[in-house]
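We call the chains A, B and C, going by the order they appear; numbering starts again at 1 in every chain.
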Amino acid sequence: MSPTPNSIVSSLQRSGRFINSLIAALTIVGEQLFSSFTFRCPCQVGKNFYYGSTFLVIPALILLVAGYALRSQMWTISSEYCCSCAPPHRRISPLEHKLACLRFFSITGRALVAPLTWLAVTLLTGTYYECAASEFASVDHYPVFDNVSARKQKEILAGFPCCKSAPPDMILVRDEVALLHRYHSQMLGWILITLATIAVLISCCLARCCSPLTSLQHYYWTNHLHNEKELFEQAAEQHSRFLTMQRLKKLFGLVPGNEDIKHIRIPSCQDW
Amino acid sequence: MSPTPNSIVSSLQRSGRFINSLIAALTIVGEQLFSSFTFRCPCQVGKNFYYGSTFLVIPALILLVAGYALRSQMWTISSEYCCSCAPPHRRISPLEHKLACLRFFSITGRALVAPLTWLAVTLLTGTYYECAASEFASVDHYPVFDNVSARKQKEILAGFPCCKSAPPDMILVRDEVALLHRYHSQMLGWILITLATIAVLISCCLARCCSPLTSLQHYYWTNHLHNEKELFEQAAEQHSRFLTMQRLKKLFGLVPGNEDIKHIRIPSCQDW
Amino acid sequence: MSPTPNSIVSSLQRSGRFINSLIAALTIVGEQLFSSFTFRCPCQVGKNFYYGSTFLVIPALILLVAGYALRSQMWTISSEYCCSCAPPHRRISPLEHKLACLRFFSITGRALVAPLTWLAVTLLTGTYYECAASEFASVDHYPVFDNVSARKQKEILAGFPCCKSAPPDMILVRDEVALLHRYHSQMLGWILITLATIAVLISCCLARCCSPLTSLQHYYWTNHLHNEKELFEQAAEQHSRFLTMQRLKKLFGLVPGNEDIKHIRIPSCQDW
């Protein structure tokens, strides 16, 4: 059996790696477009921090929620195991419990791809962090700031991310502060990426080693879930079409697509 | 059964996520095109606010109404449950009531996609808000405005969104006011998006957990509604064509598309 | 049998050389893009070294971990041989042990391609090394540094990678130091490439010479593994489809794709 384009596409869709890479790539492109069009640091005391951290954190949280909510498996699991209105007579075996945990972890992993990519990309780019941290830079060792009041100093610092509003003698200080913030931001980004990589590695090891399934069983089970869904959809389709046809035959006396119109009738008012 | 392009397209059409994304994407593109071609802030005292808020709110309301009106399911539900002229002998079971509520919520969710996207995009872009709020900026702490009458100050502030109408010494103030308004607008946008996300999450949880259907039943039911509609349309089409053909045969003695013209006749005056 | 596009693609996929070249090329392009967009040396005492070495080492480590984690064979081996929860009754023959080692070495080889490429490219480019090593340059033989305190000298050296922050009389020294660092970095790069080439050569020789298989056996074994996987997948597919069909027959009374609908039934609530 040679691989047809369809089977390649469907196996790609089933493989988690491809989808994760796609999500990460879309997040990176989206972040770059989004931040180039909408991000304008307000450069005013007391607003920079909220603005920068909003752009840093809120999209990541929304991507996390969306990642959970868009996975239909999530709803299947939650309605099967958590809802009190589920049929009480159904017994859940320990193996099923373990498998549900496994699926929950795999969904969590998938849901974390986009938010972590967002955080990593924004931290490595550094613009948002630079805006958020601008007021908190320590510039007491610069002689330029010696005879400047604390309030004025805050204002100058808040103005640093907007290039035009800095006084000309501050350009050197501004560049050094910008480099320092970029250093902090990128270091945080690398720490985040490293921690995420370690967490992925450990969780993969744990999931594989402590899984109740061997790798062949795992393959069979994933495949079985997919087949079950596909065949159920086909059967449901056929079943519902057949039921509807029976009802329509009663109503109109004919079946769509069938030329046999001997029993055709005009439906009475009660039929509708 | 390998997936054909047709079946892929029809399954995409049926899946809510795809349609919602499409609506949101069209709204974003439309907003950008619309605002770049038509939005020109009037920059006159007392007009900016009405102009800006009209562009902000009215399209969202129209999109909301259109979202409800364009969904044929909405009319089915309303004529089934609300109209007094519905046949009174039909009893509605509690399950049907719950299902109707479920459908109403799903239609509301779909109808809210476009208006919320419009509001979020316009607030994140910030142009409309900047125009609407331009007169209400507090600029008393700028020394430039010290010896300017209140009426003149209003005029200057109203002129800020149009780049050319600002006096040259006001450029710094104008830039700061623009950044402040953009900050307010984008913060409002993020708050809106966060609230909408939380509301979607909670309503999804409630709908799934308190739904009278398991997830498989829900799938079957959605699919069944779709099939019922499609087959009913086919059957109604066929039925009405056949009835009309019978009548035409009586009148002219021929059937359109059929070459058998032995029984052709000229209709008498009574026939018409 | 003339080669069809499908068979060419599948034989390319199976051949390690093609994938290794692809990984290396992607790494080179990615490194160039990444470093041009995000790398800004902080040019401050005590930060240059950490910044430069983070950009040099951490991506290589992450690529190494990713290279191991993304290979599904790795998980098969580790769960077969390492996990304590594996079935204890299975005896592993010495040949199987040797084959597992062989597979482990081949996976390690593949996993090392991206990190070694990253290290080689960054060392040959030299920017990261220049930033990391900037503080540690020995400049005592330059007369310019004679009457400069050690702390001030560190600061000047740390500022060298940022072109603008160097005092004008230091430009000659800065250029010489930059050339020296680039020389060190590129020499390290060449040494790394040479060592990697020798290691690849030796390990290939050892793997072939000390392998328990002749080259024909090796070909047969690789092919056998591939066939085993393919046939297992086909059998699992068929098995799971059959099981699902039986269950669906119980639920709906029909089998998808089968026109026999004599026993069709509407599922009761308990069935779901």
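In the analysis below, a contact is a pair of C-beta atoms (placed from the backbone, for glycine too) under 8 Å apart; a residue touches a chain by one contact, two chains touch by 3 or more.
Values in this document were obtained by computation on a predicted structure and should not be read as measured data.
Asker: Given that chain A and chain B are copies of one sequence and touch, is their interface built from the same residue numbers on both sides (over half shared) or different ones?
Answerer: Different; most numbers are used by only one of chain A and chain B.
Asker: Based on mean C-alpha positions, I'd like to know which chain lies farthest from chain B.
Answerer: Farthest by centroid: C.
Asker: Nearest chain to the global Cα centroid?
Answerer: Located nearest the centre of all protein C-alpha atoms is chain A.
Asker: How many angstrom lie between the centres of chain B and chain C, each centre taken as the mean Cα position?
Answerer: That pair's centroid distance is 46 Å.
Asker: In whole angstrom, how far does the Cα centroid of chain A sit from the Cα centroid of chain B?
Answerer: Computed value for the inter-centroid distance: 24 Å.
Asker: Hunt down the residues of chain B that sit against at least two other chains at once, touch-wise.
Answerer: Each of 1, 214, 216 in chain B touches at least two other chains.
Asker: State the interface residues of chain A toward chain C in the complex, per the touch definition above.
Answerer: Residues 1-3, 17, 87, 124-126, 172, 175-176, 179-180, 182-183, 186-187, 190, 193-194, 197, 200-201, 204-205, 208-211, 214-216, 219-220, 223-224, 227-228, 231-232, 234-239, 242-243 of chain A touch chain C in their complex.
Asker: Across the complex, what residues on chain A touch chain B?
Answerer: Per the touch definition, chain A meets chain B at residues 4, 6-7, 10, 38, 40-44, 47, 50-51, 54, 58, 61-62, 65-66, 69-70, 72, 75-76, 78-80, 82-86, 162, 164-165, 232-234, 236-237, 239-241, 243-245, 248, 251-252, 254-257, 261, 264, 266, 272.
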